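One chain, chain A, appears in both complexes that follow, with chain B as partner in the first and chain C in the second.
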Partner chain A sequence: MKTEKEPVKTAAKPKVAFFDFACCEGCQLQVANIGESLLDILGAVDVVEFREVMSEKYDKDYDVAIIEGSITDHHAEERLKKIRARSKVLIAYGACAAIGGVNGMKNSFDLDEIRQSVYGKDFKLFPSSPTRPIHQVVKVDYTINGCPIYPPELIEVLKHALRGLPYTVPDNPVCSECKLNENVCMYERGVSCLGPWTKAGCNSWCVNNGNICYGCRGEVTNPAKNANDVIGKYNLKPELVKNKFDMYNKCKEGDINVNRK
Partner chain B sequence: MNYHILKKDELDGFIRKLATKMKVCAPVAKGHNNFAFEEVSSAAGIALDYIPTILPPKKYFMPPREKLLDFDISGDKPRDTASVDAEKLAIFGVHTCDLAGIQCLNMVFSEKPRDYNYILRKENIFIIGLECSRYCDGSATCALVGNHYPNGGYDLFFTELGDKFIIHVNTQKGEDLVEGMGLPKASSAYLESLDDVREEKRAVFQNEIGVDQKTLAGIVAARQESKVWQEIGSRCVSCGNCTNVCPTCYCFDMADTINLDMKTGFRTRTWDSCQFETFATVAGGENFRAERAGRQRHRINRKFSYPLDKFYRSFCTGCGRCTRTCMAKISLKDTLKALVAESRSVSHGTGQYSSSSLPLSGDESMVKG
Partner chain C sequence: MSTANKNLDIKVEYVTRVEGHGNIVVNVKDGKIEKCEFHVVESPRLFEGMLRGRSVFEAQHITSRICGICSCGHSLASIQAAEDALGVKPSAQTTKLRKLLLDYEFLDSHLLHVYLLAAPDVLGVPSFVPLIETHNGVVRRALRMKKAANDVCDILVGRHVHPISAIVGGFTKLPRPKDIDAQIAILEGMADDMAETLKLAKALKFPDFHRETEYVGLVSDDSEYPLLEGQIGSTDGKRFNKKDYKKATNEFIDPRSSAKFTKLSRDSFFVGALARFNLNADKLHPKAKAVAKELGLKPVCHNPYLNTVAQIVETVHCYYHALEILKDLKKTGLDYSQQVTVGVNEKGVVPVRAGNGVGAVEVPRGILYHNYETDAAGMIKKANCIIPTNQNINNIEYDFAKLLPEIITLPKETIRLRLEMLVRAYDPCISCSTHYLDVKFVD
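Up next is the complex of A and B:
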């Protein structure tokens, strides 16, 4: 696949802009949580737009556009396409942008029904469309998964983008990192966990901290087709696992018609 | 070398003294019948009665993630500095299956080109074994591979005798330690008790599969087109748990990471797994083991077949970790028994299938569906 991953010229620092669509902006907040490395990042790039921390706007082309949030109406779609047209490199940032995330739960309901429940009797005044991750709308050069994003991965992707190199999201289950961290398996604790089907790259962040994997990074390319053996061994209900999947991964259904690299 | 005696109520003093000389790691309980080797400073936290830990002691010899070198590409020629962090360490309570695992890795990493990071760590690790008098659970196959008895690979080896441990001293380092602590030598009565323990074990530990290692190697080698691979492959999650917890799996992946200055960086190696979808994928996207069945077959070959030709020993240590950790209930014992049963039915002429009727590489539907 041809991409625009030419190295960004180093004469001037690359211009980086953050944008948000339907999301909680928590992934942008993670930038502030990076700590000391943030100074190194700011030494390497010029942040020209970032609504959460600055009021300035920028009227030229962006070297790197970092997009948080998913696309849920035609206004968002048009705005995203305009940003794409002005950006050399575009990064899908966080679960909402990368896979649709929790916004995708909307797609489990009839659109008018869900509009009515949110906007009341005048719901027809508020246009809405099924939730889409941004790669279902525009071309995406890099993806940073997670809810929220895992800060070390942001730094890695940014370095790859600045050097014009492709970044490979690990295509192994979260278990592959979880086991290296020697966690007691959540299934051994009697809890169902989406680690076996979810892309690694987060260093099993949640399980390290006593939580299950909720599947926020999306499924591996070729997930195990059935969970029956796993469910059977630990005496769990199949719908429990299915419901957990739908929390973050509902928009995957939209990928069938999208040629995603 | 000699045998010495340590009273069980003196174990705490032994560990405390040892901990003044070096870091001491031992099995500790993690809940839900899981155990892990962790640093201890007394005997209080040590689980003497434990089933194999989540990760084997190999994590101290080849850490899951390890920095190999720092580099600098700012000049005309790239420069690099090798990095190894090998602290003095004692591992207490290593079962005989895990001692065998370390022996296997020693052979692998001593082959030329020798792996200096591994060897430097090994030189700094003091190993104290601990005998099992009974099975840890039904997943173990230590009698199949003869690892229910100690076969060397330690500095000291502890066996429980009532309220005491009898300690076999196997190295000069071990001798220096027990002499330094003033542990008394074992009288002949204790040696007779040790013989009794070993004799009792003979009745408890029986070959779990019913065929000897050499025969099993032949059976595995001959059953490359078995339907058993398809069966376990259809259940496999490709999570890599079975190889990550294996005491003798040593495959790793290397990666260079550049720092934000875009001039300096470092190289790391991380445990890899032949069970991962990406493991045998090469440039151009070709995958030599695209199917889970083929990957599971490879794993069994790497334990029971290939190493017998190369190293003259099984690389299965019988610890049972792969069975315990598998979320999809893939059992090593059941897999081996199924291969043996299939082999018998074929050799008796009752088997109806031939290798051509079960093409392993032809069935793409399982992977791509």
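Up next is the complex of A and C:
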């Protein structure tokens, strides 16, 4: 598994690099928030690029490239393709990279119209393409969901990636964790929540803190058993539910094109 | 060495150890400066456009995603703008908890900047990574303090990066007595590390450079160091109600680089820790005043590199201010009937009206404005966000213009580092970019 092209100096620790595209860089920040145990991780890998906190640059191949953010213009697309070509393993890191995240809301608007609304008559100076998650541009080997990512999951995925083992993202709804945490259901509290349709793995982070689930981890393949009944039982307006989904999951519409390829 | 025939060509693509992407471009031909600019190359995210048609009750959740480092600051500015539009007055308890949250935001962000992003420059290394070998204790302390600041935030609002419980109308979960105790314990546990941080601060040396400019920030008539509430003021004597934030920013397009700039009384102005210190030093916590004196920081200070020192002073202020709030809450207890479940206000727990609201909040990098216009159903019709870094870009370029001739005889690498350090001193947060027009890539 070790890289043979590398000189043998540092016992060939895996070379890991972080790259950011359109995003808030909060998922990178979650790395700094791990605290002193970050040094244990840094002992097992060789972080060769991490622009937010490092000036060092690296010009060889990466064992693991961790990609944060969405692709929103052609410069980003070209840069991502170059990184992919140099990387053995590529991880889509955080909601913007994994599913497009909040950047996807842009896709609900005409591109010229939304640019004009922000930049006025000079909007054409500001190139922009519809938001895409990483897997709609290059092959992705591992995905870490969430806005922001849930740090324990980062450690899990890294362990798998460094050993070359497959990692399966849990495909059960947030409700399964919410119940174990003994939260009162948000629907019982009179507000709508995307927990029944959203992938677990965050330990129902938002609901534990009294807020609703916004769907940041993407949709489950099979929603909670009674999820569709929820719409009827609580008399939800379909457009309300759709609007809520679009906050993070609008880019899913682009998956149809990717699957066709 | 004569500068008359000096040629210099510096292109720093993606200034590192700043949040977001920016380039420095310098061109000197035959001793004449042809270009000395700071470009922002962040991909457009168009948040203000995307907010249109969303419920004002979703604005906090969405806009906190503008920036991972300042997500609590964006949340507070967003909530203030939304509540202003809706005509909602927060309770005294809610305001107190929001001030506590803002203290935590400052602690977390300033510590990150001072230790991980700025200190490597003054210690002469490219990042904190080599410091793991040479200054292991310092790195461990930095990560420990960063984690502590993060942990108190987790307890208060669920997490620091994208807070969960701070929303329009109050808090969805209020800290229990054990949570208050836990926050006090974590902060008190930081005391030794805070003392060590001051020792480190005293050892840091910054370049000697001065340029008079206007300093803009929140001001108030009471004795509290204004961070969450106040009017907009400047060292040139300007004062505006927050509703008139556009008069205090005057965004304009400069054909030179096509980025949207801001100005007030002069060519440019400065926002951030140094501006706040210059405006309100007399309102700092006594412990922070003492630290400013020890570090030799006096208002009005015109050296932008010392913004980092002002951040250290504010770190001390926020640390003690937070402890005071917590001890007060421990004494009085909290009113848990104020805990709210709002969602997108399906139950109508918050009265809704059409309105136009402004939030003006000091965040670590300077004054941040959010402005929402809402319809009778509480849907956003128009949104505007002016972030601190936006306001500073113009000032950075004027600093460049004065600094470069002063250091032009130095070796190219030193010049490059001084310019990069200057950009980093402003602690720019370019991810927040909402108003940049220039996305020119330097090859």
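Worth a mention:
As a convention for this text, the second predicted complex is superposed on the first by the 237 of 261 C-alpha atoms of A that agree within 3 Å, B and C clash if a C-alpha of one lies under 4 Å from a C-alpha of the other, contacts with A are read in each partner's own complex, and residues count from 1 in each chain.
Keep in mind that, in the parts below, a contact is a pair of C-beta atoms (placed from the backbone, for glycine too) under 8 Å apart; a residue touches a chain by one contact, two chains touch by 3 or more.
None of the values given here were measured: they were computed from a predicted structure.
Once the two complexes are laid over each other on the shared chain, residue contacts for A:119 go to chain C alone; chain B is not touched. Of the two partner chains placed around the shared chain by superposition, chain B and chain C are both touched by A:189.
Once the two complexes are overlaid on the shared chain, A:85 sits clear of chain B and of chain C alike.
After overlaying the two complexes on the shared chain, residue contacts for A:211 are found with chain C alone; chain B is out of touch.
Of the two partner chains placed around the shared chain by superposition, neither chain B nor chain C is touched by A:256.
Contacts of A:30 after superposition on the shared chain: chain C is touched, whereas chain B is not. Of the two partner chains, chain B is the only one touched by A:232; chain C is not.
After superposition on the shared chain, chain A has more residues touched by C, the comparison being chain B against chain C. Once the two complexes are laid over each other on the shared chain, residue contacts for A:12 go to neither chain B nor chain C. Touched by chain B in one complex and by chain C in the other are residues 189 of chain A.
Considering their complex, residues 30-34, 36, 54-55, 59, 64-65, 235-241, 244-245, 257-262, 270-271, 273, 276-278, 325, 327-329, 366-369 of chain B touch chain A. Remark: chain C residues 14, 16-21, 42-46, 48-50, 52-54, 58, 61-62, 65-69, 71, 112, 116-117, 120, 126-129, 132, 139-140, 143-144, 146-147, 150, 157-162, 164-165, 167, 171-173, 253, 258, 339, 341-344, 346-347, 431, 434-439, 441 touch chain A in the complex.
Residues of chain A touching chain C in their complex: 21-30, 32-36, 38-39, 42, 47, 50-56, 69, 72-73, 75-76, 101-103, 105-106, 108-109, 114-115, 117-119, 122, 125-128, 147-148, 186, 189-193, 205-206, 208-212, 214, 240, 243-244, 247.
Within the complex, the chain A residues that touch chain B are 37, 40-41, 43-44, 155-156, 159, 162-163, 170-173, 175-176, 179-185, 187-189, 195-197, 220-222, 224-225, 229-230, 232-234.
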